[in-house]
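Lettered A, B, C and D in written order, each chain numbered from 1.
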């Protein structure tokens, strides 16, 4: 609703490269097989394909996978609006699980709903896809903090 | 405080075997290298050892790992108090990150703080361990639902 | 977005009378000067007009007022979909504050996003109104439990 | 547990007067009949006595009252650790309701569990008292932001 109407101006024109570099350093995202599938100012989408290593006991995606990709999607949605030479960290998030995550692809869409200088508030919706039909299976609210003047460590 | 004073009676004397079987079917826990390190009625502890595949961009444990093992710890703390022939599912959880999860071992401790028939409310505290010193690095509150009469699917 | 597309069928055709009776028994809503301003299956809107007794220290609406009317709006959105002879109770909610609630009217809009038999998940958006311009000032996610076969106590 | 072991040093020796002045300006706290019953660095306790104007539909304390006094207790626990010439605002909180708040007195106890420079994370436990027996009836986790260099507005 309101999310799609938001038009954010990035402060760092180089935000996309910065985010893709950072994502590439997240060992967990690689370990889960997750990829950034869309990225624009105030918005980041991450998806993962099901395999048995992402399951909970009944063969669905584990809620931990939903939480992990939603957390990264929200963090990068915030990072896309942060100034150069800054980094971000998750302060907190809350997730409601709405339907079993039973399907082939899991998609987390993080959208900034309030972009303060220090804190960005983000909604993360998680969808499960089957035969190209998407179903909302979880939703999160996250608070992300911008650390201005503290760029991410490089893996030197 | 109050958690350690709680003494819960399991309804299913066989809860430990049931939980260990269920945990073994969670592909994600194996993929993260997580293990149950303590289990008693109303309490479950899960730990993971750091390796690069569990990292976020700065080399700490990814918050998604904290969330995943806390979610499983809370779920199994609840499952330990559920009747035979039931299963559990996470309704929601909220996590506050308190300190960087920089260390060798991550421990999630799930404790039931309210054991209703249908809903169990659980606190999950996550600690990072360095040289045997534990530091609280995140805390969660989770709501778990008991599905009475619906045992977990076997992996047939 | 998706909320506006949801079309819910009430199970109790008499839901509106039931909700208005219940609301009238909520001493706090009267004490806050809050009123139901819209009600339909899966949706409830509650508003309050500013006066000094609803303020925090800087003269805005106190976050407790936002929380209270959002909680009632979400509870009644859930109650509108519950069967006859049932009642509802709030399991938990989480609220993010997005902007100062400085204005004349505060509106909470509760919309069901997942209507399970036992649990209803609800989003509550809170708006502050000034000169007929609405601004989103807080957002909540709430879990509501339906107690089937347990109608509300009458104030006999 | 760990809360009682925390020993915080206030940065502003005058924190108590500052907090009591601020509390006195919260119209809502007065309207609810709430009072600060304990205050020390990193900790604030607020209580309210039941009367019909604080009720939900079944005659218990409305969850909105629990949320409001917990929010203020957490905010002032944070404010007690903030520097002179600062103010605080609630970023978000999450509350789980654990038992019906049926009784004469409601007590919210806010304790800082992580005191960062910009953000304070607080646990708020809410107890219902009957015949001097206290029962935990709700628990919250809250994030509070410190606005350094921005003292509270006076009611001039």
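As a working rule, a contact is a pair of C-beta atoms (placed from the backbone, for glycine too) under 8 Å apart; a residue touches a chain by one contact, two chains touch by 3 or more.
Everything quoted here is computed from the prediction, not taken from an experiment.
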Original post:
So which chain is farthest from chain A, going by the mean of the CA atoms in each chain?
Top reply: D
Original post:
Comparing B-D against B-C, which pair counts more contacting C-beta pairs?
Top reply: B-D
**OP:** Please report how many Å separate the Cα centroid of chain C from that of chain D, as a whole number.
**Re:** 23
**OP:** With chain centres taken as the means of their Cα atoms, state the distance from chain B to chain C in Å.
**Re:** 32
Original post:
Distance-wise, how many Å sit between the C-alpha centres of chain B and chain D, to the nearest whole number?
Top reply: 29
Original post:
Which residue numbers or ranges of chain A touch two or more of the other chains?
Top reply: 91-92, 94, 96, 121, 141, 143
Original post:
Which of line, ring, star, complete or other matches the graph of chains that touch?
Top reply: complete
Original post:
Contact residues on chain C for chain A in the complex?
Top reply: 1-4, 94, 96, 98-99, 113-114, 121, 123, 136, 139, 141, 143
Original post:
Can you list the residues on chain A that touch chain B in the complex?
Top reply: 22-23, 25-32, 51-59, 62-65, 67-69, 71-72, 87, 89-97, 152-153, 155
Subject >> Residues of chain B that touch chain C when the two form their complex >> reply: 91-92, 94, 118-119, 121, 141, 143, 145
